[in-house]
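In the two assemblies presented below, chain A is common to both, partnered first by chain B and then by chain C.
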Partner chain A sequence: MIRKLLLSTMVVAGCWFAASAANAQGLQVPKTQPAGQELRISGVNGTAYVFGPATAFKAKANGELVITSDQLRAAGMYTVVSDGNSGTFFVVADKASNVAFLARPSRVATAKTGVISGTGFVLDKFNNLVMQPTPVKFSLAVPGTPAETRSETSKNGVAFVRMDSGKKSGAAQFVAAVDDTEVRRVVTQTAADPCNIRFKAEPSKDGIHVVTDPIKDCSGNAVPDGTIVTFTETDQKGRSTVDARIKKGFAEAELPNEGSANLSVASGVVIGNEIHWGGK
Partner chain B sequence: MYRIISIGILVLTAALVAVGTVHSSDMAPAKSPDGAVRALYEHAKGRDFKGAFKYVSSSSNTDEQAFVRDMGGRDGSLRTYSNLQNVDTRILHQDDNAAMVRATAEWSTAVGAFFDTRDLKVVNEDGQWKVEWPVEKQAKVPPQVIPVNYLRWDVITRGNDDDWGAQNVEAPRVRIVSMNAIEREGGTIVMGEIENEDTVPAFVAVNATLKGKTGNVIAEESSFDKISHTLLPKEISPFRIDFPKVKLSSVKSVSMQPNSMLVAASADPVIGVLNQHVDKDLRGKPVLKGELINESGQTVNIPHVLATYYDGSGKVVWVSDGYVDQALEPQTPTPFSVGLQQDIAKNVQNYRVTVNQYSLDRTQ
Partner chain C sequence: MRKTLWYAMAIAMIVLATSWISRRVLAASTPSVQVQLSTENVQPREVEDATETAVLRDYKLAWANLASAMEQNRADLLDQSFVGFAKERFGQAIAEQKKDGLRRRYVDHGHKVEAVFYSYDGSALQLKDVAKVEVELLDGSKVVATQPVTISYMVLMTPAENSWKVRDLEAVPGF
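Then we have the complex of A and B:
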C-alpha cells in the first residue's frame, strides 16, 4: 500500500516536473511530426527523457538528440525533457493506408431499405487513426449483379455508410477501400417471405401427394431450402398436417386419402391456395 | 470336513426349495378379475414381465415377446426409461365368465408422471381369472431404402485470429406472433406462439416477467419444455409459461423476452400429424387425438406433442403438451393423445399440433 502511494506520488511529481520544465524553457522541437519518421532535435546535451503515448524512454545526446522512427510510431503528444529544458510536439498519423471495417448485419433479407451499415475506421500503416478527411469507397454486390458503390469522406477518422439490400439473394461482398487497400466482409442476402404459395395435389400409392410450385419471394428469389411449409388436410376424420421442408425450391408431402377433404398450404404467416379434394 | 460340506449343501438345497415355494405362491391364481389385473401390473412393476405374462389369457393371441415389448417399451422409447409406480383398478362390469376392468397405471418418467388408462377384458379360465392383453399389431414396414437428403446447417463462428472488425454470424431473428395471459387455478399462465423469421435454424426460449402495479417484478419464468426449442426457418412453435400462485389481478404488465441462438440443425426427420380431432378418453374427458407418422428412415425415440388451441377470433386460448411413450418407427402411424380441460374445450374452435422429437442416434 505504501509502495503504491510512493509510486503514485513519484509519477505525479514527474508529470509536474515535466510540465513545469516545459513551461520554464523550451527545446527547439517541431510542432508536428509524421508517425514513423526519425526526428532530430538540436541543442540537447546529456541525458534526455521522452514521454509519449504508451511510451517513455531516455536517450543520450551530444548536441543532437535522435529519436528513431521506431520510437515514433504511435500518434499523440510527446514531451522531451533535458537538462531543465523541455519541448512538446505532436506525432500525427501517416497517410491513410488501412481501414478497419465493421459491417452489419451478417444476414439480411433482400430488397430492404437502409438495412446494411458499414463503418470504416481510417488508419495509417502503424494503425493510428487518420484524422484528416479521407475518402473511403464502399461497394456492395452479389456476384453476377452490378455493385452499388458509395464514396464517403471520413470525419475524425470514421466513415459511415448505410445501404439498401439488393434484390438478388446470395453472399453479397461488402468492401471498404482506402487507396489500394480493400477490406472485405460478407453480408448474406436472403430471400424474403414467400410472395405466394401455390400447390397441387394428385393421388398416390399411399394417399395424396401434394407439391408446391417453386416457392419464391416477391423479387423472384428462391426461398431457402429447409424452410418449413405446412400442408393441412381437413376431412371427416379430423385434420392432418405435415411440416414439410423446402427442398430444391419446392416442398412436397404425402397426406392420407380419406375421400372428401380440403387441402391448404402455409409457410410462416403466408397462406397459399386451397384445394377441395374428392367428394361430390 | 466332507460332513460339513454335505450338511451345508443340504441346508442350501432346503433353503432354495423354500424360496421356490414362496415364489410359486406369488404366482397364485387370481381369484377376482381386478386381482388378476393388479397381479399382472405388480409383476410388471418389479420388471418381472415373465411372471406378468402368466396372468395373460391364451385367448389374447399374444406371445410373451410382444407382451414384454408392449409393457416394457422398446427402441429407446419413453417407456423404456419409465417405472411403474401405481395402478388403480375398477371393475366396470362382471359376470361369471368375464369382466371388464379399467386399469389406470401411473408410470414415473424423467418428464413427469405418465398415465395410461386401459379397459381390459378379464376372462375366467377354469376358475382362474386371466387378462386378455390387447397388443396392437404394428404394421411392419417392408425392407427398403429411404433416401434422406435433407439440409443440415453447420455454423462457423468467429475465431480468435480473425480481424477484430470481422463480424460474427448473428443470432436468428425470432418474433412472438401472438400472446395471451389467463388466470387458471389460482395462477397466471402466459402463452402464445413464436416464429423463426430467419433463414437459419434457431434455438429459442421465451422468458416472461410479471410486473406489479408499481412496476416491481413479481415473478420471472421461462417456457421450459412447453415449447419446441429448435425452430427451422419459418417454423412456429407454441409456448406456455406457468406462474403458479400469482393472481392475474395483481399483474399490471407482462414483459416477454424471446431469446434465440444460432445452432447447427438438421431438417430431418419430418413427422406428420394425421387425423387430429378432439375426442373423449375412456374417462369421458376431452382429449386431442391423432396419429404421428415418422416420414424419415430412422426411429424417433421420444416424440413430444405440442398442441395450440385457438378460439373463434384466432386467439391462442390454451397450449398443452404430452409425451408419447412409444418410439416412432419409420413410416408407421403411432397414436397420440393430449389432454384438454373441459372448460377450455368448449371455447376451442381451431387447433394446431406440432411435434418435437428426441432421438438417440442424432446429435442435432
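Then we have the complex of A and C:
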C-alpha cells in the first residue's frame, strides 16, 4: 500500500518537474534590451502579461506581442507571460546624458583643504542609472578666477570628488558635466579668520576712539561685515571690553578714558596689536 | 530490510513536504526580511555603526513595505520607505496593476547586501543586493508566473529626517 502511494507520488513529482522544465524554456526574449526601445516578441498568442519595475499590464496578442518604447523606459527586470510560458529580460540604461549632482557644503571658508565634496550620479535620458564607466568632469571656480578642474570616471553609476576651497571669496560655481549636460551648484566661499588685526587709538569727546585697519584674511579677502571684534582696555581699576561688529571692512568703538591703560584687540582666535594709552 | 527503506523514504518525503509548506506559510505571514549587510569595502568613507544599524533596519522595512504595496496594490504603503525615482516607478507599476486586476506577491528568502559607496558628506549610500526573492505574478488570485529566485539589485539610499529611504532600486543582469 505504502509502496503504491510512494510510486504515485514520485510519478506526480516527475510530471511536475517536467512541466516546470517545459515552462522554464519559455518565450523567446532577449537577455537585455536598451531602455526606451520597442520590443516585439513573436510566438505569443492569446492573453499575455508583462510585469516590469514601472509597469504591469495584460494584453491580447495574435502571433506577436509588441511592448512599446514608453513601456520599456525604466531599467530593471521584466517578465513576459503567455499561455503558461514565461520569459525574463533586463532593460538596461541608454547612453549617459544627464547627471544628478550633490554638492556640499553650501557655504565654506576660503583656502581650506578638501572641504568641498561633490557626488555625481550618471543617468540616461529616462533617469536610469548608467552602470558603464563614464567620465564626469567637475569644476569649481569663483567668477573671474581660474577653475579647479577634475575628471573622474563613474563606477556603478557614481562619480565623486573632493576639492579645496579657492583663495578668493564669492559665489563659487561648482559644476558637474556629463557629455554636453552641465549641472551647476553654488558654493559660497567666505573669507576665513582674519590674518592679523591692527588698530589705532585717538582721544575723542567721550573717551578713546579705537578703530581697526581694514580686516582681511590671509588670502586678502575682506572678513565679512558683522564679524565680532573685541576691544579690551585694562587699567588699575580692572578690565573693560567692548564688542563691535565689522562694518564696511573695519570695526570701531569708544572706550572710557581712565588715564593710563593697555588697549588690545581680538577677533575669534586672532589677537591684534596692543597700545599703551596715557601715563608715563 | 526493504520495508524499512520504504518507511525511511516515506518519512523523509513527509518531512520535506512539511518543511516546504511551513516555509511558504511563514513567508506569506511574516513581514520580517532577512538581510546581511557588509560595509567592509565601502568607499570613499567608512559607514558609522549607528548608520549601519539604521540602514539595515530601514532596508528590511523597505522590502516589507514594497511587498505589501505590490500585493495589496496600495501605493501609499511606499511612502514610509521610498522617495524619488523608486517611489515614482513602483507607484506607476501599482497603478497599472490595479487597472488590469494584477498583483505581485513577494516571497522573500533573504538578501546579501554590500555597501559600495558612501558619500563624503553622508548624503548617499549605494548598495549591491543579491536577493533571493521569489515574485509571484497574479491575475486576480491566479498565479500566472513566478520570477527567478536570485536577483541582483543596485540600490541607492538617502537619509531623510529620521530614517534612510530607498531612492533607486534597480534589478541588474549581474554585478
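Just so it is clear, the second predicted complex is superposed on the first by the 254 of 280 C-alpha atoms of A that agree within 3 Å, B and C clash if a C-alpha of one lies under 4 Å from a C-alpha of the other, contacts with A are read in each partner's own complex, and residues count from 1 in each chain.
Here, a contact is a pair of C-beta atoms (placed from the backbone, for glycine too) under 8 Å apart; a residue touches a chain by one contact, two chains touch by 3 or more.
Everything numeric here is computed off the predicted structure, so don't read it as measured data.
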Chain B versus chain C as contact partner of A:R162, first or second or both or neither: second
Partner chain in contact with A:R245 - chain B first, chain C second, else both or neither: first
First, second, both or neither for A:K112, with chain B first and chain C second: neither
Touching partner for A:K58 - first (chain B), second (chain C), both, neither: second
First (chain B), second (chain C), both or neither touched by A:R198: neither
Partner chain in contact with A:S267 - chain B first, chain C second, else both or neither: first
Partner chain in contact with A:L102 - chain B first, chain C second, else both or neither: both
Which of chain B and chain C A:G76 touches, first, second, both or neither: second
Chain B and chain C contact sites that coincide on chain A, given as residue numbers: 102, 104-105, 121
Footprint of chain B on chain A - complex, ascending: 100-107, 121, 183, 185, 190-191, 193, 224-229, 237-245, 247, 253-256, 258, 267-269
Residue ranges of chain B in contact with chain A within the complex: 149-151, 153, 163-170, 177, 195, 197-201, 232-236, 267, 270-277, 289-290, 295, 351-354
Residues of chain C that touch chain A when the two form their complex: 6-7, 9-10, 13, 44, 85, 88-90, 92-93, 96-97, 99-102, 104, 116-117, 119-121, 123-124, 126, 128, 135, 137, 139, 144-145, 147-148, 151, 154, 156, 168, 170-173
Chain A - residues contacting chain C, complex: 2-3, 5-6, 9, 31-32, 49, 51-58, 74-77, 79, 81, 86, 88, 90, 92, 102, 104-105, 117, 119, 121, 127-129, 131, 155-158, 160, 162
